[in-house]
Structures are given as C-alpha cells and as structure tokens.
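What follows is a set of structures to go through.
Presented sequentially are two complexes of subunit A, the first with subunit B as partner and the second with subunit C.
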Partner chain A sequence: MMLTVLLLVTQVAVQDPRLERLDPETRSLVVSVVDSARAVGLPGEPLIQRALEGVTKGAQGPRIVAAVRRLATDLGTARSALGTRATTPELEAGVAALRAGAGPQVLTQLRDARRPPLTMALAVLADLVTSGVPVDSASAIVLAFAPTARDADLVEFRRAVERDISLGAPPGAAASVRALNTGIRGANDAAVPPGQPPRPPSRP
Partner chain B sequence: MFERHDDIVDRVVQQLRQPVSIDPAVDDRVMAEIAADAATPRPRLARWTWLAAAAALGAILIARPWAGGTASPLNAFQFVLVAPQASSVALVGDFNDWDPARSPMRTAQGVWATTVPLAPGRYRYAFLVNGVEWRADPGAPAARDDEFGTPSSVITVGGNGS
Partner chain C sequence: MLDAGISYVEYDGFLPSGAASLAPSIRWDHPRGRGFVSARGTYLRFESGNRSLDFSARGSFFMPLARRWRGELGAGVGASDYASIAHFSHGIVDARVHLMDQDRGGWFSTSVGRSSFGDGPRPVAVVAMGVWLLKNEASISASLDRSFVGDTAYSDLRSSARLQRGGIQLDGTLGARVFSNGAGHGVYGEASVLVPLGQGAAVIVAAGRYPTDVITGSIAGRYVSAGFRLGKLGFRPSRPAERPQAGIPPLSTGADGSVPPGETRLEVTNRGADEPVRLTLYAPDARAVEISGDFTDWQPVQLQRSATKRDAWEGAFRIAPGIHRINVRRDGGPWTAPAGTTRSADDFGGEVGVFLLP
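Let's look at the complex of A and B:
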C-alpha cells in the first residue's frame, strides 16, 4: 500500500510538465528532493515553485538544487515546530519566520497561543524582523498579540511599524511604541521601551 | 356588558348553556375503527432501506455540506509598479509558476498594473522589467531569503478574509 502511494507520488512529480523548464540533470535532482519531501508528508508545491523561481531568474542548476534542498529542510523544521496539522501556507510562513531568525520554540508557542490559521501571524513576525525589528522584540509582540488579535490587526500593526521606519524611526523603537499604543489586548505587556532589552515572551 | 336587554343575546346564551348530548354509540365506533387499523398489517421496511439510509447519512457526514466546502476562497489583488521608462513589465511569482507570460501587466502613463486572484497563503513575487531587469515591489515587504541574487517581495493572504 505504502509502496503504491510512493509510486503514485513519484509519478506526479516526474510528470509535472512545469519542471520541464529545468535542464535534465537539475530536474532529476529536484524531482528527487520533491519525492523525498512528499514521502515524509511535506508539501512538494513550495519546492517546485522555488525551482521554477530559480530557472526563471536564470540561476545555475546547482544553485537551484541547493535552494530546493534547503527549503525542504526548513519545511521539515517548521513542521516539527508547528505540528503535523500545519497547512502548506503555515509551513511556508513558518519557514520565513525561521529564516528571519525566530527560533522553532517561538513557532511552537505561537501555535499554542493562537487558533489556526497561523499564516498571517508567522508572516508578520518574519516581515517585522526583515524590516529591522529585533527578533526578540518582534517575537514577544506577536506572541502577545496572538491570542486575541485578528489577522487584519496584525497586518495594520506591521504597516504602521513599516511606515514609522520609512519616516526614520529606529525599527525596534517603532515596534515598541506602536505596540504600546495599539488597542490590541496584551500588546502593552510585550512592548519593550526603546533602549531596554526585550522581556522574554510570556505564555497567555 | 350589555346595557340593554337583547333577545338575540338571550337566545344565544340559552343555547350555549344547554348541555351537549353525544350519541352514546360514538365511543364504540371510534374504538372499533382504532382496533381495525391496528389489526391491519403494515409493510415492513426492508433491510436495504436501513442500509441505504445509513449510507446516505455517512455520505452527508463525510461531505459536510454545511462546512462550506474545502476550496480556498480567492481574493483579487492588484499589483502595481511605476516604471515610466519600461517597455514591458511582467509579474512573476509563486502564484503563476514564475512564468512571465502568465501575468503581463498593462500600462497607463507609466503605471503598470495587473490583478491576480490569490488563495490564502504566502507568496514570493517580483517584477520583470523589459524581460531582463528584476525589481522588487517597493510597496511590499522584501523577501529576506533571496537565494538567486535578485530582489523579490512577499505577499501574505490571510485565511480569514484579511
């Protein structure tokens, strides 16, 4: 039974016409990574998209394969942190948060603190860190928001912080001040006054 | 209640006050009808009927039509790039297999735009200007993990309508 499923999965990857844009050697290696990922329950589509991104951007085969392998590894790490019920968008956002610098334990805390889907919360965490907000501050704020904030609240918070940063505010101070002034319950507990080290995230 | 004596009212009241007499045979007839009905054999439901009902119930529980289906809702998102000098701009990303032919952008006085329906998720994307130049979206978060040496942006579509 398992062998049949594995064969079917392999067939799907081999026959995916989108991968014909890759050269044969690269395609073979990418298909191998995709098959291995699917065999352990990881989504294959993000890996295919990463390979297609590479070929469209003119990257060399080894670079594409390395990127696909790295993504497969990170998807596995994200799933370990978020659990086997995590959806593909949640895993992708989890990978973004991990690569931004958030630890797997932050992902697990977020999973425990917030009802799914976690995609937006994870994405906002990654985007805040990418904007320059220290990862500890961003993690503490998002974890404090997690139990009650709507996705739209998180997006608005991120936009406000990015707006402040574009106007010249230091990223950490922008996030802290915005967190202090937001109406989202729990945000004040996580806000770190500018110039002080962030407090460790507290469980709700 | 009635201020003047009214013969009609009096007659109605008298009629209402008369005891109602029922034919003593009525009870016997009703009981005889009930007994006859109970004695009539009813057709028993065949076993397959119960099995069919159970199967239908199972199918409904599996399909869960009240759950609204499993298809992800699509929301239309507009992507815009201001590039007055460009002769062509294409939008490529995780949502169109990074295929420049899938989402060409139209221009109006140098403002290039296109609309793409997106399901909830996190997508990487970029603009391909004149077929050779990669540009990130200045109005969106940058993709931090750009492994191919060109800028990309990310868009996150929430799962609950945001």
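Let's look at the complex of A and C:
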C-alpha cells in the first residue's frame, strides 16, 4: 500500500510538465527530493518552484539540486517548529523567518501565541529582519503583536517601518518606535534573547 | 528666565522614571506689539543616567490687515537629541489670520515645513482654527487642527482655560486626538498652578497627560512635576516637555517614489480575492520589462507599457495571499530584485525580491 502511494506520488512529480525545463539528470535528482519531501508530508510545490527559479536564472544542475535540498531541510525545520497542521504558505513563511535568523523556538512561540494562519506574522518577521531590524527586536515585536493584531495591522506596521528606514531611520529604531507608537510594550528593548518572552519596558 | 525642577514621568512604552531638568528661555517682544522672538533650551536627566537635550526657537511678525483683522507670519525651528541615540529636527513656517475684538477673537492658520528623524525629512502641513474669550481674570480658548507629517495624519481638538487671581495662576487644558493614522488616539489633559514667591521667583506644580507630538518627535506620556522659575515671571506649563526622543513617532511618506535611471520599483495593487493582482513596475528609460516569479512558475512574462503612468509597466496576475518571490529584467539584462520588495540572497548567487500579499 505504502509502495503504491509512493509510486503514485513519484509519478505525479515526474509528470509535472514544468520540470521538463530541467535537464534529465537534474530533473531526476529534484524529483527524488520532491518525492522524499512529500513522503514525509512536506509540500512539494515550493521545491518545484525553487528548481524552476534556478532554471530561469541559468543555474547549474548541482546548484539547483542543492538549493532544493536545502529548502526541503528548512521546510522540515519549519514544520517541526510550527506543527504538522501548518499550511504550505505558513511553512514557506517559516522558512523565510528561519533563514532571516529567527530561531525555531520563536516560530513555536508564535504558533502558541497566535491563531492561524500565521503566514503574515511569519512573513513580517522575516521581512523586518531582512530589512536590518535586529532579529531579537523583530522577534520581540512580532511576538508582542501576535495575540491581538490583525494581519492588516501587521502589514501596515511592516510598511511603516519600511518607509521609515527608507527615510533614513536606523532599522532597529524604526521598528521600536513604530511598535511603541502602536502600543506594543517592550518593543523598545532590543536585547531580548531569541526564544525568550519580550522583556518588560525599560526606563527612559 | 530659568526653570529648574524635578519630574516623575511615564512615557508610553517606558517604565516610570524620575527626572531633573534645567530649562533656560529668552523672549524679546517688539515694543509696539509688531512681533516677538523666543528661544528655549532644555537639559533633562533621567534616573537611568540618560539625558535629553532640546532646543527650539520661534518668531512671529504681526501686521494689520483691516479694521479687526490682523495677519501673522511666523517661523519656528527645533532640534533634540535623546541619549545620543535619537535625533530629531524640524522647521516650520506658518501664516495666521486673526479676527479680534476687545474680549474675544478667532483665528485660522496654515503651516508647512519639514520634520526629520535621522536623515529622513518628512513634509509637514497643518491647518488649524481656534477661538478665544476673555472674561475678567479668566480666559478660555478652543482649537481644532489637522496635521499631516509624512503619511501620519491626525486631528486634535483642544480647549484651555486660565484663571489668575492674587498673583496665583491656574491653567488647565483638555484635548482629544481623533481621526489619527499613526499618531495615537485618546483624551489628554494637563493642569498647573504657579505661585509667586516674590520678585522674580515662583513655584510651579503641574501634572497631566499629553499626546505624541509627531512634528517635534516627542512621545506621549503622563507626568507630575514641581519646580522653580527664576527671572521675569510669566506662565509656561512646567511639564517635562523635553521627553525622550527615542520614541520619535514615525512618519513616512516613504521614498518620494522616484526611481533612479536603470533601477526598477514594484508596486502591488490587490483589489480583492476575486480580482487579479496588478503589478506595476516603474523602470525609467526601459524599452522592455519582464518579470519572473513563483506566481508565473518562473517563466518570464513581458509587461505592457502603462497607458496612464509615466515610466510604468503593468501586468495582472492571479497570486495567492502570502509571501512571494520575484525578479525583474529590463532590456534583456540580468534578473534583479526591484525596489519595493525586500531584497534577499537567492540560492543561485544572485538576489530575489520578496513581497507580501495580504
């Protein structure tokens, strides 16, 4: 039975016409990674997309395979942190957060603090860190937002920070100031260890 | 004139703290009431050892317009620094028209200027109107204003009253911040009493809560303060106006929207779940613009030149909410990450733009 399922899954991947853009050797290796991921319940689509991205950018086969394998590993880490109920967009956003520097425990805390979907909160976390906000500060702010903020609030917060940064504000200060202005206490404290709850506010 | 005092203050987002302040100020009035110039500096030191420096100056010139009408042109500048961490500055010019009677009057004003946090200037525009009334030893006033600082906008409805009797001066204000985007909401109010001690000296006690001032960069807080005033007596609320600038409220018009030659900038317009998402790429001087992303299966797609927007190229795509990756190519060149996205290293030695679709 298990073998049948695996064969069916493999067949689906092989028949995905989009992968025809890969050379045969690379395609075979990518399909193998995708099949293995699907066999353990991870989504295959992000892996296929990563391979296609590599093709479009003219990457060599081994580099494409390495990228797909790395992504599969990161998706596994994200799922361990977010739980088996995490959706594909949540896992992709989780990978972005992990690669930005957030620890798996931050993802787990976020899962515990916020009702799903977590996609936007994770994406905003990744985005803040990528923009230069220290990962500890970004984690503390997003965790502080998590219980009550709507997705739209998170997006607006992210947009505001981005614009402040584009105007010359230091990323950490921009995020803290915006968070303070939104009423997020503890966001002014930039030295929260990853995975720890936000520290209480400091004295001026 | 010199104010010296101590305060117990709780800024929003900070723990309560004691603070000591020194605030020299100077003012010159034209002998025939044609204008004035004033300046004030403040040194504030908190319990933590952090300090705040603040300087502001303002001048106004008055001119008669008609029988009961009077014009006023003014300008103000200011700068502040909190713990060598946050720096703020602003410059404002304003024009005001007064309609004055013996014991009542009204005014309308407009102000424009710049406010800066770090290196980023933001445009400031304020429209305001107010009325005032004098009655024996008391005066009351009310005003309504609408302020725009970058994309932060807010309105304040304020009222104030002053009662002066036997040399003792009582002041109170009550206000509300409404229709605010990025500057907080809520009711605020302050009260103070000035008691003269003799020639050139007074005690001032004050308490209250004030809102965030986006233009000068101060954050909202509540306080109790007590202090001495030395020099020519006149009233000025002794709240710790030089609160820490770390919480400089924010702004943001964002970049001015211009795109340097050779660069591209992405704009995403999402009109709803059933509508395709419109992507607009601004690419000055480009002859052809292609995009490629996870929503095109990384197949290059040629964008169409916009019929209405200069330097813009557009396309509509079905894109699911979430986090997406995109690259742009202009005139057959290399794939790049456009501005307007978060640029990240891809896995292939290049860069990729990441954007969020709510």
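The rule is simple: the second predicted complex is superposed on the first by the 182 of 204 C-alpha atoms of A that agree within 3 Å, B and C clash if a C-alpha of one lies under 4 Å from a C-alpha of the other, contacts with A are read in each partner's own complex, and residues count from 1 in each chain.
One rule holds for everything that comes next: a contact is a pair of C-beta atoms (placed from the backbone, for glycine too) under 8 Å apart; a residue touches a chain by one contact, two chains touch by 3 or more.
A quick note: this is a predicted structure, and the numbers were derived from the prediction, not measured.
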{"item": "Subunit C versus subunit B on the shared subunit A, clash or fit after superposition", "value": "clash"}
{"item": "Contacts of A:Val155 with subunit B and subunit C, given as first, second, both or neither", "value": "both"}
{"item": "Subunit B versus subunit C, judged by how many residues of subunit A each one touches", "value": "C"}
{"item": "First (subunit B), second (subunit C), both or neither touched by A:Ala39", "value": "neither"}
{"item": "Contacts of A:Leu52 with subunit B and subunit C, given as first, second, both or neither", "value": "both"}
{"item": "Touched partner set for A:Ala173, first subunit B, second subunit C, both or neither", "value": "second"}
{"item": "Touching partner for A:Arg70 - first (subunit B), second (subunit C), both, neither", "value": "both"}
{"item": "Common interface residues of subunit A - those touching subunit B in one complex and subunit C in the other", "value": "18, 49, 52-57, 59, 63-64, 66-67, 70, 89, 92-93, 96, 99, 119-120, 123-124, 126-127, 130-131, 151-152, 155, 158, 162"}
{"item": "Residues of subunit C touching subunit A in the complex", "value": "9, 11-17, 19, 46-48, 50, 82, 85-86, 117-122, 150-151, 182-184, 212, 219, 243-244, 246-255, 292, 294, 297-300, 320-323, 325, 327, 335, 342-344, 346-350, 352, 354, 356, 358"}
{"item": "Contact set on subunit A toward subunit B in their complex", "value": "18, 46, 49, 52-57, 59, 63-64, 66-67, 70, 88-89, 92-93, 96, 99-100, 116-117, 119-120, 123-124, 126-127, 129-131, 150-152, 155, 158, 162"}
{"item": "Residue ranges of subunit A touching subunit C (in the complex, touch as defined)", "value": "18, 49-50, 52-57, 59, 63-64, 66-67, 70-71, 89, 92-93, 96, 99, 119-120, 122-124, 126-127, 130-131, 151-152, 155, 158, 160, 162-164, 166-170, 173-174, 176-181, 183-185, 187-188, 200-204"}
{"item": "Footprint of subunit A on subunit B - complex, ascending", "value": "92, 94, 97-100, 120-122, 124, 134, 141-142, 144-145, 147-150, 152, 154, 156, 158-162"}
